[in-house]
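Input: structures, listed below.
Consider the two complexes below, in which subunit A is the common component and subunit B and subunit C are the respective partners.
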Partner chain A sequence: MTLRRQPLLMLGVAALGVALPLVVPDYRAQIAMLWALIIMAQTWDITGGQTGYNSFGNILFFGVGMYASVVVQRDVGLDYFPGLVLGMAVGAGIAAALAVLLGSMILRMRGHYFAIATLGLGIAAGEIAGGWDYVGAGSGLSPPLFPAPPATANLFFAYLFFGLAALVFAALALLYRTRFALALNAIRDNEDKAEAMGLHTNLYKITAWAVAAFFLGLVGGAMGNMLGFVDPRDTAFAGATFGVWMVLMAILGGKGTLWGPVLGATIFHITQELLWTHLLGWQRVALGVIIVGIVVFFPQGILGWARTRWPARHGTNERGSERA
Partner chain B sequence: MAANVALLGEAPFLILQLLLDGVMIGAIFAVAAYGMALVWGVMNVINVVQGELVMLGGFIAYQLTLWGVSPLWGIPVAAIVLYVIGTGLYYGVIRRVADRDMFISLLATFGLSILLQQLMNQIWGGDVRTAQSGLGTWFLLDYTVTVSQMKAAACGGAIAIGAVLILFLKKSRIGQAIRATAQNPRAARILGIDTNRVFAATYGINAALCGAAGALVVMAYSVHPYIGLPYTVRSFMIVIVAGLGNLPGVIVAGLGLGAAENFAGFILGVQYQVAFVFILLVVILVIRSSLLQRRRQFLK
Partner chain C sequence: MSAQLTVQGATKRFGGVTANEDVSLEVPEGKVVGLIGPNGSGKSTLFNSIVGYHPVDGGSIRFEGREITRLRTAQIARLGLIRTFQQTHVFVQMTGLQNMAISDAEAGHGLFRLMRPVSAETRERAEALLAFCGLFGKRHLMAGELSFGQRKLLELAMALMVRPRMLLLDEPTAGINPTLINGVIERLQRANREFGVTLFVIEHNMRVIMSLAEHIHCLAHGQLLASGPPEALRNDQRVIDAYLGAR
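Let's look at the complex of A and B:
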């Protein structure tokens, strides 16, 4: 996307976000899910695309947010909306704190070791939640009932997730213009040199991961309420769905770009909604095929491809294009 | 939890029992880990689909029992079928990602693991499967310690498979080519070794190894489409503890992991045994990373 046309594009997306739930009321839940997926892809890209630290375990923060929110709603005894707000805030806070704590331990590892460590964390979290009675063990938890009919609930969540997506997009758009983002990109391109230049690379990496965790915690808290149940392995720490999807969507759209994850998530979600229902149980087989296909044949993503195809429009030359 | 620890102190034979059971399954872990180290060392790919290959081998042996064939035949049959599948996977996918950024191959094999896992789920369903071997149980030390004969046989089988593989790598022509390619692929190419074929053979042999191990797993333990990933993680852990190309290290780490897991399952409760495996992975990585940190080096 050229910089000139960006405001127009944002305005268009914002108009869609406001209008869609009213124009096509039957698809409110899917619209809410689309915004949630966009946030997941974008937050994954903070470390994955911008910093070069590919995490397989960001689902951890999503699940922690979901559980924390529902536990707060269950135990604090507020009304629905104050409870939801408090729950999401607590969830996001815990997720960010966890990212700082874990990040300070595992972000020193480079490349694939980090990826595998995060994979381990994500799965371990699901296993622990599945054995822990305080959070309902294997049978999970149910958030309090939304105090209105389902159609209204879906409208609420469509706007809630739209608001969150707008917040995340705006925050990242601003963040990616700062020196901070340049430092992240320097770490991605050559961490040793970045460190030799005097950057406290660890601090940058931890902060970046904590930002991602914070937003994912928010999304998790809201998602638990929208879905109406929290299951340790299928919704909260759902490594085989949301956990992989977020990586896939970011790669599909184009890693390391602001709009790539948005584009990737949109295409992925629409394809999934159109095709998935016809596959009758073979969806996850198809997911495996898609992952392998994209990774093997299209690792640079749509925007990465567009950038090498039309370098002038992106203000880069051939050599300035994204590395796959 | 404390009660379980106290119980161990009061009944030393329980310690022996857990140790025996752990070591017996540890031998199977070591075989899978050796295959992973082979692929990692030769073509620089971390094979995330390792555990699913083990499960697939188990399901093939299980399928044979459904057809009325003894599951013992499953060991060679699974190895052969998996060799073909593994070579196919190499030419279809791995070949295209092997020389790229390691994250790409990591993600590609992760995709393959989801694919295989879901295919197995479609074909054999989501139930836990075992194949009855018809072997009994030994009772030792006044009936305080029991040893399932099948588990002992599986342990022996794992050792035999490992021995055959080592002999193969040392003596056979292709085994020597594999070792040469692992040491220096470029020099191997100059000397006329078709490294592409060597890679395919390496990946196929690894898959065959996993298949044979899986046939042992389905007889002595059980298989399920979704428990492949723990096997992958165990292999990975064993390899990073032992290092590439360190066979005694792989054996010791494998047996140790089996024992540690069994003790953890007993002390923490069985529902946390898988969580223990994954937490242990993170702990091992953090310890290795912080040890390297003192020398200003990184895990990479």
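Let's look at the complex of A and C:
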């Protein structure tokens, strides 16, 4: 993606975000899901791509946000919309706090050890939620009913998730222009060297994970309301679906790039919907084949491959570009 | 002349192997001091102990009057004591300029000071130091695309970006094209003279260390064998025996 064309591209995507739910009303729920997947891939990439810390447990923050939001909506007694806003905010706050707490314990582990440590997080959370009566135990929770017909609800959620995606994209676009992003990249490339240069590596890793957790918490809260049902393993701590997908989508599009996860999530979502429609019964097999194909042929992702193929367009040749 | 770095009785064991045993030495401020010794004599271990990469089993290390024995690498680096690695360590998927920008300690390493783009001052200083190391033309290339020797020079430039008080250089000329070695020596001397940085240098190339250092410490089998000016060490029978084996 040439940097000069970025504003144009953002404008185009924004126009699509506004127009699509009105042009193709039948696909509103799918459109909302697409924006949610984009956020998941982008937030995963903060640690996974930019910092080189592959987390398989980010689904934890999504699920915590979902539960916290619905519990707040159930217990605080506000109207639907104020309740939803408060619930999402509380969920995001708890998710971020949890990331700081867990991160200060396990982010000291390097590389693969961290990845393994995160593997159990989502599973453990699912087990806890499934046995805790206050949050409905195994039978889960239902968010309050949306105060309008389903078509309107879908329109609302399509725009809500579009708004969230725009917020996350803008926040990350700004973040990735700072020296903080360089610090994360430095940790990814060589953590020993980063320490030898005096960087507070642990603090940065924890902060990066907390930012991801905050946005995932927001998405989780909204998602519980859109799906209309919070199940400990199938929707909230859904490690086998959302949990794996967010990793795949980021890798497919290109780890460590701003646009990669956006591209990856879009291709993934469209492909997956086509498989459901045309290969019913075999969709998981086809998905598996695609995953293997991605890892074998595009280990750097689409944008990673493009950057190696055309360095001049990405400002990494001898002439450089406007970017520092 | 006061010692900027004082190592007192440093001992480091790895299981049954004693890598450093009761090593005591000083590095005076503003000087170029060498550390020599045969392979496996514990030079890199001593560097690692000094910069807090691993804890010592005994002894103490003081830097500018401050006890740093128990501090960690990053804390010691922030005091202005920076080390470079024998095998080059640079950030390979970042451009030379980005490598420099994140090394700028003056721009700040605190969370809030990091949350802003690279400033014009940082960029100017980075470009000046890259030019100093002969890498200005390569500043937009990924560091991973540079040759081994260029990476060593980039590592030196990054270390200078910190405005260090003292640099610990682990074999700055190893693996570098012989025609480039003089350039490295000249840049190290200029860094010492013009930026007032104390240099403590591990080096195997005797021609390099003899022309660079004003004072040399020699390690053998983990112990300090001899210390003195280059000419004295060159003629010291114990040093010659340690390198060539006693007859």
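Here is the rule we use: the second predicted complex is superposed on the first by the 314 of 324 C-alpha atoms of A that agree within 3 Å, B and C clash if a C-alpha of one lies under 4 Å from a C-alpha of the other, contacts with A are read in each partner's own complex, and residues count from 1 in each chain.
To be clear about the criterion, a contact is a pair of C-beta atoms (placed from the backbone, for glycine too) under 8 Å apart; a residue touches a chain by one contact, two chains touch by 3 or more.
Since this is a predicted model, take the numbers as computed values, not measurements.
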- Clash or fit: subunit B and subunit C on subunit A? fit
- More residues of subunit A are touched by which chain, subunit B or subunit C? B
- Task: Between the centres of subunit B and subunit C, viewed from subunit A's Cα centre, what angle do you get? Round it to the nearest 10 degrees, please.
- Result: 80
- Message: According to the stated criteria, A:Thr207 is in contact with first (subunit B), second (subunit C), both, or neither; which is it?
- Response: second
- Touching A:Arg188, do we find subunit B (first), subunit C (second), both, or neither? second
- Message: Which partner chains sit in contact with A:Val262 here, subunit B, subunit C, both or neither? Use first/second/both/neither.
- Response: neither
- A:Arg177 contacts which: subunit B (first), subunit C (second), both, neither? second
- Query: What is the contact status of A:Ile31 with respect to subunit B (first) and subunit C (second): first, second, both, or neither?
  - Reply: neither
- Query: Regarding the shared-chain residue A:Ala68, is it in contact with subunit B (first), subunit C (second), both, or neither?
  - Reply: neither
- Query: Does subunit B (first) or subunit C (second) touch A:Ala196, or do both, or does neither?
  - Reply: second
- Superposition-derived minimum Cα distance between subunit C and subunit B (Å): 6
- What part of subunit A is shared between its subunit B contacts and its subunit C contacts? 324
- Message: Show me the residue ranges of subunit B that touch subunit A in the complex, using the header's touch definition.
- Response: 46, 93, 96-97, 100-104, 106-108, 110-119, 121-122, 229, 233, 236, 269, 271-272, 274-275, 278-279, 281-282, 285-286, 289-290, 293, 298-300
- Query: subunit A touches which residues of subunit C in the complex?
  - Reply: 51, 53, 72-74, 77-78, 82-83, 85, 89-95, 97-99, 101-103, 105, 107, 109-111, 114-118, 123, 137-142, 158, 162
- So in the complex, which bits of subunit A are touching subunit B? 54, 56, 105-106, 108-113, 115-117, 119-121, 123-124, 127-128, 130-131, 137, 240, 244, 247, 251, 281-282, 284-285, 287-292, 295-297, 299, 323-324
- What does subunit A use to touch subunit C in their complex? 175, 177-180, 182-183, 185-186, 188-190, 192-201, 203-204, 207, 256, 315-321, 324
